[in-house]
Amino acid sequence: MEKPRLIREDGLRHDGRRPDELRPVRISIGVLNKASGSALVEYGGTKVLAAVHGPREISQRHILLPDRAIIRCRYHMLSFSTHERKSPAPSRREIELSKVVRESLEPVVISEVFPRTAIDVFVEVINADGGTRTAAVTAASLALADAGIPMRDLVVAIAVGKVSGTLVLDIDEAEDMYGEADMPVAVAPSIGLITLLQLNGVLSREEFSEALKLALKGASQIYEKSREALRDRYMKVKVEE
Amino acid sequence: MEKPRLIREDGLRHDGRRPDELRPVRISIGVLNKASGSALVEYGGTKVLAAVHGPREISQRHILLPDRAIIRCRYHMLSFSTHERKSPAPSRREIELSKVVRESLEPVVISEVFPRTAIDVFVEVINADGGTRTAAVTAASLALADAGIPMRDLVVAIAVGKVSGTLVLDIDEAEDMYGEADMPVAVAPSIGLITLLQLNGVLSREEFSEALKLALKGASQIYEKSREALRDRYMKVKVEE
Amino acid sequence: MEKPRLIREDGLRHDGRRPDELRPVRISIGVLNKASGSALVEYGGTKVLAAVHGPREISQRHILLPDRAIIRCRYHMLSFSTHERKSPAPSRREIELSKVVRESLEPVVISEVFPRTAIDVFVEVINADGGTRTAAVTAASLALADAGIPMRDLVVAIAVGKVSGTLVLDIDEAEDMYGEADMPVAVAPSIGLITLLQLNGVLSREEFSEALKLALKGASQIYEKSREALRDRYMKVKVEE
Amino acid sequence: MSHTPSPGIITPKLKANTIVNMIKKGIRSSGRGLTDYRPIDVVVGYVQNADGSALVRLGNTVVVAGVKLEVGSPYPDTPNEGALIVNAEFMPAASPTFEPGPPDENAIELARVIDRALRELKAIDMSKLAIVPGRRVWIIYVDIYVLDHDGNLVDASSIATLSALLNTTLPKVEVDESGNVRVEKNIRMSPLPINHKVVTVTVAKVENVLFIDPDLDEEGVIETKLVIAVSDDSRIAGIQKSGSGGLTEAEILAALDIALKTGVSLIKTIESRVLEPTLGLSTNTLGQ
Amino acid sequence: MSHTPSPGIITPKLKANTIVNMIKKGIRSSGRGLTDYRPIDVVVGYVQNADGSALVRLGNTVVVAGVKLEVGSPYPDTPNEGALIVNAEFMPAASPTFEPGPPDENAIELARVIDRALRELKAIDMSKLAIVPGRRVWIIYVDIYVLDHDGNLVDASSIATLSALLNTTLPKVEVDESGNVRVEKNIRMSPLPINHKVVTVTVAKVENVLFIDPDLDEEGVIETKLVIAVSDDSRIAGIQKSGSGGLTEAEILAALDIALKTGVSLIKTIESRVLEPTLGLSTNTLGQ
Amino acid sequence: MSHTPSPGIITPKLKANTIVNMIKKGIRSSGRGLTDYRPIDVVVGYVQNADGSALVRLGNTVVVAGVKLEVGSPYPDTPNEGALIVNAEFMPAASPTFEPGPPDENAIELARVIDRALRELKAIDMSKLAIVPGRRVWIIYVDIYVLDHDGNLVDASSIATLSALLNTTLPKVEVDESGNVRVEKNIRMSPLPINHKVVTVTVAKVENVLFIDPDLDEEGVIETKLVIAVSDDSRIAGIQKSGSGGLTEAEILAALDIALKTGVSLIKTIESRVLEPTLGLSTNTLGQ
């Protein structure tokens, strides 16, 4: 990929978006048959599938906990989801993101209801165009809801970046690769908790607070779309019944 | 290995065999001391050792079954058994053949007699000159018999190939490498069941039925030799007793 | 490293030592907070840390023994401890030395006192300048004592080498690399048992017995220093109490 | 080591009996016959970053296959040809019984069966895939991911593989004077050169009855199955008996006849789905 | 797969309550305040065979970091720059709960957080690390080993990493006419070129109280923590929220202010420890 | 991690006592004395595809060793010499207690002990194994497989290794003007150049009695053993104390004397078996 001009003369971004504009967001819930819950989430060209199995018993009994369900999470990229083919062995990046995505879900799952069980979350990145971990969090949260897991709130996530000196919402791969900073944020809006926060890049104190505000603004739009998708899903299920 | 002329002007094969002729078959039963049963089978230059341990308890209890013994099988090549040295790590080919050999034995082992146990079959390819999986099936079947495992029938196996347009029995490595098709077949002759069938190559419908008949003909010769070897073995044991 | 002149004209070694002279030995006991026992042992530039956890229960129950504690031991080199960076994967050398070090400790640990438990010994080579396995044995033995594990005797170890035709005590890396033989020896002096003996190189029968005597002489010096270090440690602990 | 598998999610005895009895009468759930496939959906170009891709639904079974083209060194014995590498993974999302980790023996067998059929039939014209003859060639990675498992994974994977290959285009390459290769993925020159099309047809056996395209419940009752690769010119391009049972000679020949007939028409169906513009199918979902 | 961790060595309920109550009053064991670090010892040059090294004690936490320089090939997209590879291992010696084996997710996260801070800040001047431009460059391996675990491994590791890098010198290299590189490790030419210094400051949260440098007992009661990388010029060079809880927007901003203030002075402390001759510290022990 | 092994198949107490009592009287099963080997069979050339091979029976212990020669790059510090790589595997066929999988510590120790003896003695003349000096040399892979385990695997493996090396021949090689090497495996030029022959003699200890070649039952009662590599010119080419016990200085010296005496005559036995035509031994079985 060659470096595009990230901020054009008219102040818009290389794909024509305003700095605070999301890419098109598409959400489908309940797309899989054999999983307890599932969701397919797209942020522009990024396409992520999340599936939930459980709560269930597992053979590795020794990792279970007596007073709550454990969450197990795997963030995984299909080999052809990236520009260069990804080798099938788990990368260090995937191992880190599996942890980071799991920890973004822990604060909202009411795990005490299912002691001695595991809730398994499998994230598959089908196509990667920036923001795969944030799309993963949103998809995982919706898959948990689809599986009927009780939750304190939905968690939704979005990244803010700094490109050519400008803070921009929902960066794509070109902006991530050639920009100065990438800051993914996950939030449970109704309970006011930020459950994932990473900064990959360098920001001043002022830039950071501005960036965080921009992320929360974008997240609230994703939140609305997510709730809408859930509403549609449940109504459809009801009608089908 | 350079490509030999596979079918000579006189219609015979590169090693002088007729198209429907087996290589010399040698069978030794009970060759190992510490295994429950064992057999060494040679088809020409191909030499395969099979050993059986069990029925026995194993530490991986969770894979055992309540109503039958499980069969575990490993097809493995010694590093110096092939032209190029084989790396010690299990290859995808070895993993597939372990399954295929196991599934060729499943229909004849009366596994219900030993619930909650494992019957382990270890196949070691000592020298590979074509037909290692078929020699492996024959050897494994004889090792099971030597171990006293009750069986519905012996399973014996042989490959048919298509070389230079001709269907030939018991192909060797040169014929496999430079031929058009390789079709290994395992059969339990007395109960009329084909328990392994693979085709690696392209055949017409007519060629296939002809090839299958040729394989069954070759298998019946291996079957006779196998039963003879078992008879010899048992008589010898009796005499020694 | 370029080959130094190993034995100088004055009969001394490349670093000025006499053939039967040890490098400076430094011993610190109880250097770690979270381990049951620990010791840091230096032979010249070689620096080895040993830590003991246990006796304790472990999750791999099936390897425990009903009548004694098992000893588990890992000899491990930090990646930057050697001239060339050591890859983090366990080398065959590390696997062998883990066994050899464990077997040097087995005869002195009174393991019958703690049936169905594991005593874990972790050896970390921090800097390698020859003699890491012998420093490891001494450190491990002191860490066991520091952990309060009952022992029949301390085990201490030292290597003898043959360089430029001369038998020398406590060889360093240059002497190991360019010398003719390396012979590490571990001994429990009070009970008169040699618990580790390896010879890497070629010796005549006469050279061997001379080398063994030299090793035992060196070991007795290490033994004195070890007991001194233990006395200091216990007195200090008592004073602190 | 391969071992006798535990039955995954056990089909209750009563249900199993019902399934077997219906099959013996030639009837199956949703009314299809013994030699009918379930409905097939194909969405090609599902994955933007792949050089070719297809999402396939076969009933409730969902498979995505993607093709990546990389510049690499040829095998020493075929210096002027491209190379093909086929992998398959059964994703844990697809079934509560699938574990994350490297491919197990079933996934490896599936990939190798599909690989052999393509290879033996010379389905791809490898001689057109040398870039710098003897030195740099196209390596074709076909990666198959099972996303939802409702039975017959081999046929669904073979359909996805053929569709993804038909969807694959070669990017522009430039070779400088010292032989370095530069790929411009944004400029697409030509489709992947295909000599032959091939699919597998899996014929299942229960109590001497043969039928195709078993769903997951049916797989719980079958004794064994024969996977038969069928080429667009009605030849047999590979066979794999799979499962713990056996077949008679007559059953094998009957299975072949079913496969040859079904396979050729299946290839035609796939061709039309791949080449015609997608009607009524959204790339926004898993092809539902 | 990442899974909810089991509590390691469980802090008894009563003790845990005491810790929380004291933190809420702004008091901690050994009398330090909410934004005080435990005593820090730094021994540079601890490992003779490393090209740079440091042993760091942060209270009872002990970490050793070493730098190895190897001649290697550059990354294709930065042909004229050196490369940095950071690894971390939690040694089983350090805690009864650590198992031998390859780094787990916590060690990988730790290494990646430190790696990213160095990389994003361009802390090392990689453009000065080409040996034969386009072909041979210095590969900098930073390996971090946790030897004793009494909490706050990230900050202790980041202090050890910075100290080891400041202790690192480049050996003499000779390049012959055909481009072969010969390294003379015995002759040291110059220190590693450093543009910026950076440390992490970990801010922990329990019941809405923020504090830094949690020890192991305190880690048993905290809900979550924010690891903040702070540069010598007071910028934020990386953030990682870690742990199963969440934070409010206000808490995050407050944590940042604590980190910026503490981090800059911590860097000064490290600089003075590294550059001044070591006083009263023996290399014969683990820095006690 | 190495751990105290579980006793494999436990020798019943009574039988163990009998074995020990007999050894103390200098008597062993089948009437052999303390310094007698069990019968030794050697079949060289057992594996057609190997460049050298031998099947060895030592009593009921069976080991096959094979040599493969590959063209490869020399080690940087010995650019004009071949290289030797020794591996050993204990096959699960050989004992109910052996598990399939990569070599465990016992197999690794065995291979390394044999490797060191060959290497330190310069048993193979590596200087004659360069093909294109500095660039292409012969890599000698010795792979040892234990097929039946009735004790004393090290000595059986060392006999098999020596026999296989003596059976090894170098194929014809052609080097073209650009330095490419072409091997013609069908044309054999000369035997592998051997400087020295070496075998190990394992001396076992139980209650202060020393004896050689323990069988499996005897291994169940011994305290420790000393593996001593002996060269054809009566030198000690390596030692490895193995097992959980210890030995006195006097015991070690006594063991050495036994080994030196036994080893030299063992080498002669092997030479005669390898060089003379095989009498009465069939390659059709495992050497019985």
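Each chain gets a letter, A, B, C, D, E and F, in the order it is written, and its residues are counted from 1.
Here, a residue touches a chain if its C-beta (ideal position, glycine included) is under 8 Å from a C-beta of that chain, and two chains touch if they have at least 3 such contacts.
Computed from a predicted model, the values in this text were never measured in an experiment.
Novice: Considering only chains that satisfy the touch condition with chain B, which of them also satisfy it with chain E?
Specialist: Where chain B and chain E might share a partner, there is none at all.
Novice: If I superpose the C-alpha trace of chain D onto chain F, what rotation angle comes out, expressed in steps of 5 degrees from 0 to 180?
Specialist: The rotation relating chain D to chain F comes to 120 degrees.
Novice: Approximately how many whole Å separate the CA-defined centres of chain A and chain E?
Specialist: 28
Novice: What whole-Å value do you get for the distance between chain A and chain B if each is reduced to the mean of its CA atoms?
Specialist: Roughly 52 Å, centre to centre.
Novice: From the mean C-alpha coordinate of chain C to that of chain E, what's the distance rounded to whole Å?
Specialist: 31
Novice: Give the residues of chain D touching no fewer than two other chains, as numbers and ranges.
Specialist: In chain D, 1, 100 touch at least two other chains.
Novice: Using the touch definition from the top, which residues of chain C touch two or more other chains?
Specialist: Touching at least two other chains: 74, 120.
Novice: For the protein chains shown, what form does their contact graph take: line, ring, star, complete or other?
Specialist: ring
Novice: Let me make sure I follow the ring: beginning at chain A and going to chain D first, which chains come in turn?
Specialist: Order round the ring from chain A, first step to chain D: A, D, B, F, C, E.
Novice: Can you check the complex and tell me which residues of chain B touch chain F?
Specialist: 26, 28, 31-35, 38, 40, 42, 45, 47, 49, 51, 53, 56, 74, 76, 78-83, 85, 88, 120, 122, 124, 126-129
Novice: In the complex formed with chain A, which residues of chain E make contact?
Specialist: 1-4, 6, 105-106, 108-109, 111-112, 116, 120-121, 224, 226, 231, 234-249, 252-253, 256-257, 260
Novice: For a test of understanding, state which residues of chain A touch chain E in their complex under the given definition.
Specialist: Interface residues on chain A, with respect to chain E: 63, 65, 68, 70-74, 92-93, 95-96, 98-103, 106-107, 111, 118, 120, 181, 183, 188, 192-205, 208-209, 212, 216.
Novice: Quick one: which bits of chain F touch chain B in the complex? Just the residue numbers, please.
Specialist: Per the stated touch rule, the residues are 46-51, 53, 60, 62, 64, 66-68, 70, 87, 89, 91-96, 100, 102, 141, 143, 145, 147-150, 185, 284-286, 288.
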